[in-house]
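Pasting a structure here, questions to come.
Per-chain numbering from 1; labels A, B, C and D assigned in written order.
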Amino acid sequence: MLQINRFYGVHNMCRFLAWVGEQRYLDELVQEQEQSLVIQSRNALIGKTPINADGFGLAWYSDRETPCFYKDTHPAWSDANLKQLAHHTRSRLFLAHVRASTGTATSRNNCHPFGVGKWSFMHNGQAGGHDQIRQELDSMIPAHLYGHRMGATESEAIFLIAHGEGLDSNPIGSMARAVGRVEALSRQCGSLPYMRFAACWSDGKRVFAARYASDRYAPSLHYRTSDDGIVISSEPLDADSDGWVEVQPNTAIVTEGSVVSIHAFDPSVKREPAKVA
Amino acid sequence: MLQINRFYGVHNMCRFLAWVGEQRYLDELVQEQEQSLVIQSRNALIGKTPINADGFGLAWYSDRETPCFYKDTHPAWSDANLKQLAHHTRSRLFLAHVRASTGTATSRNNCHPFGVGKWSFMHNGQAGGHDQIRQELDSMIPAHLYGHRMGATESEAIFLIAHGEGLDSNPIGSMARAVGRVEALSRQCGSLPYMRFAACWSDGKRVFAARYASDRYAPSLHYRTSDDGIVISSEPLDADSDGWVEVQPNTAIVTEGSVVSIHAFDPSVKREPAKVA
Amino acid sequence: MLQINRFYGVHNMCRFLAWVGEQRYLDELVQEQEQSLVIQSRNALIGKTPINADGFGLAWYSDRETPCFYKDTHPAWSDANLKQLAHHTRSRLFLAHVRASTGTATSRNNCHPFGVGKWSFMHNGQAGGHDQIRQELDSMIPAHLYGHRMGATESEAIFLIAHGEGLDSNPIGSMARAVGRVEALSRQCGSLPYMRFAACWSDGKRVFAARYASDRYAPSLHYRTSDDGIVISSEPLDADSDGWVEVQPNTAIVTEGSVVSIHAFDPSVKREPAKVA
Amino acid sequence: MLQINRFYGVHNMCRFLAWVGEQRYLDELVQEQEQSLVIQSRNALIGKTPINADGFGLAWYSDRETPCFYKDTHPAWSDANLKQLAHHTRSRLFLAHVRASTGTATSRNNCHPFGVGKWSFMHNGQAGGHDQIRQELDSMIPAHLYGHRMGATESEAIFLIAHGEGLDSNPIGSMARAVGRVEALSRQCGSLPYMRFAACWSDGKRVFAARYASDRYAPSLHYRTSDDGIVISSEPLDADSDGWVEVQPNTAIVTEGSVVSIHAFDPSVKREPAKVA
């Protein structure tokens, strides 16, 4: 395990997984796997924060235009509602997240996934000097989206800034630009590490995920394709790592039906900050 | 309103509604009606306790054998999860409840509906001298069902005692016997009112409801049939009371498809206490 | 009650009280009065929102330099911890608040009182168009205080802006300037009512309170002096209103020992916005 | 660490500490030690359950006749109220507990310490077959104390049964009898381990603690005396174990002023079950 830590670095802060494919009950992935997300909440194998007990969240797509969110502040392993909902809810596309706070309060508003319209987003990572840059981060959020600023995490801010960069038309490029802008802020502030970023987001049809860091320690990210769908996860859901593919740093993936395509994810491209309307 | 109170008595403690029929989104009844359950949680029109803010709960039937429960301790009007779940969940049969505690703690374990296997149950009312009879009430619960005794309410106890009385084979008679046994306990204890009872329970196919009191003040209970299903509710969901039928005291109703049948509900029949196995 | 409402207007959103004087147990004022704060949380007599059940908070001063805060999101009447703490805590200066949300989430971070260093602050009121002005409000908060921006209420923002205006050296003038700056923002936005404001704040020695509105409907504010201290409260704590003095609109009060002094409170003075460092 | 586990057994489920002596701020022991209780909640060194995140509780004695309780269901490390209260509360006698559930729900009612009148009690351990014996356990609680039965833990039941056995007149013997009676129930049920028990209880003047198991694996228990008082704790609060004394199995300790006396603690004495009045 030390070796794994040395490889991935010491700041894997949260855990998440996403499913897209045939309809599945959420608990098949969230609770019943050998290294399920709930087990990861008590005992993550990769990363130095084995406990992810500062809240959790689910987002699943059904027949409404928006996803359904369920979030709470208790550890995932002890929440009776989570067990009930994951057992009874079936979806072709869902996101699930367990949180280990890097400083902001344990509050429903700080739990992932976050949502705007059809979009959902969840994140594992951090921006250096978050406490120092929070106000500037807030001011980067487009005014028409500020009503969606519910909490105080950099995660939510990155998501809302990505919206302003054109998430609908360019789901990967806009996210890279948002990450780049926040990283630039961290660099000005001078707090290392500038940016650690693994995230997963969806419009209800495709799932996007990306892995990046300003240093060598990009948070872990894996996926596995099978006959009935694709799982994307912070760490493999079973000890047998066969079939699990590690997403490389500076890389994004997109699911399109049962196909996963690989894309560059480069937040470091120099650019002018986008105008905030 | 005083007149209504005089008629219904002063101890209407909770509010509930149930739906059976075509699939409906829960929020169509729980949130969007003129006098929806969430509005009742702030401002019940019938009864002397206008505020029902000591927790709430939902139970809905989907494809699993058991219903799905979601309960929490916040006021129904402010719970973001409730809003999300009710907006995105569609079911052909669901129960919803807002609680006004008559003494026991505000705790998820004390929130209705309660469940055992395929059965769900919710209640508005009280048993006299609950504090004095609680231990005997607990001892009345069949041993094999005690693992389902999660909280401290008389409501949950009545439900579990009814199970022991044969809920599966005689859903109305067993409930009447359970209510009768608990009322007998209250009478021994001598605390008025001995029994006020309005309840709703389901096996996932039919919905049962009953109204009874040991005095003149049986808690309110109404239903309305329409083309696509049946609503059962503590109070009419719109000001226009057309179409709403008041269930009479000492009466139970059963839905069978789109038909409501009326039955006697008589807990006062003298009988030996059933043996608890 | 209608008449009272007509007089005070329709937007009294929260309830609070403060005590300064001899050491008193908190529950003597928070729970045991005829119209105690906990009773006001269920049944406020003045104002159109009788239910204040979206969280509560306490701040009391003891031997530490900072006050102690206890906040939670449940209704005040059902929180066992509140009952315990109020029964066992004795203080010569404390603030207590019950919240009725005007839109922002029910979250500990949105519960009053708020604190920075030795200062505590609680508020009843609103700024028009809060959703539209929130981002500008956030940008008005001095950078070095942004770490104290925990929630999303205008109340907390006003408090932090007042800090930037010099709360330590001019506790009333700085608050008036903060209220004026936020009112100016609301006026630009054009959402009525621009500003309704009743608040209470303390440095651990003196208690300050002020009442103001941009229209005729300043939220209610009263105080009563007695041999052993001074109570400041949204509404009188007993039906016998003898001894209760109504604070007039555009007025602030300051306690200095057992003396209450009256001051002008005029946020409408034209001035340049203070520079945010 | 494996060796430690082998020694102490695999079922150290919770962590607690108590202080009696000069007035101390709670956070000096609960948060600020090298291996403070809050650190133990994330990373207990002794025992197989390193995470104790299923709620916590404090009880402290001040000027009232009863102790003050503060309990909540979040992990101790993330509760802002706990941090506030522990920082501002000073007491000459307090108990603190972090919980790792062995099955019963995460609920305030299941959090330790428990209280009746002047007494407080907290526990680390388990009774074999708790699910099977719960109803009999409930029936063992004296009727006049059943109103204090708030939750579903065997811990609370043992405490209330001890009351019935004469806690006031014989604080150690009554506890031993209660533990013995519950162990006898577990033996009838046949579920191993019959009894693991480390507990700490107080009448506001003295602190009692005991360590016992029906097998070789009594939960850990230590204490340290110093000039200004006595700490009793599941595990030493600093790496330097100097000064820490391990309480031996089958042993109880009592503080009387600054003196710790050692007593036999023998639940296995054969006796008739006490009559429950």
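Keep this in mind: a contact is a pair of C-beta atoms (placed from the backbone, for glycine too) under 8 Å apart; a residue touches a chain by one contact, two chains touch by 3 or more.
Values in this document were obtained by computation on a predicted structure and should not be read as measured data.
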Taking shared numbers over all numbers used, above half giving same and below half different, the chain B and chain C interface sides are same
Chain-centre distance (mean CA atoms) for chain A and chain C, in whole Å, is 38
Among all residues of chain C, those touching at least two other chains are 80, 105, 108
Contact graph of the chains (line, ring, star, complete, other): complete
As the complex stands, chain D meets chain A at residues 42, 51, 53-54, 73-75, 78-80, 101, 105-106
In the complex, chain B touches chain A at residues 60, 62-64, 66-72, 80-81, 84-85, 87-90, 108
Chain D residues touching chain B in their complex are 105, 107-109, 131, 134-135, 138-139, 141, 143, 146-147, 149-150, 152
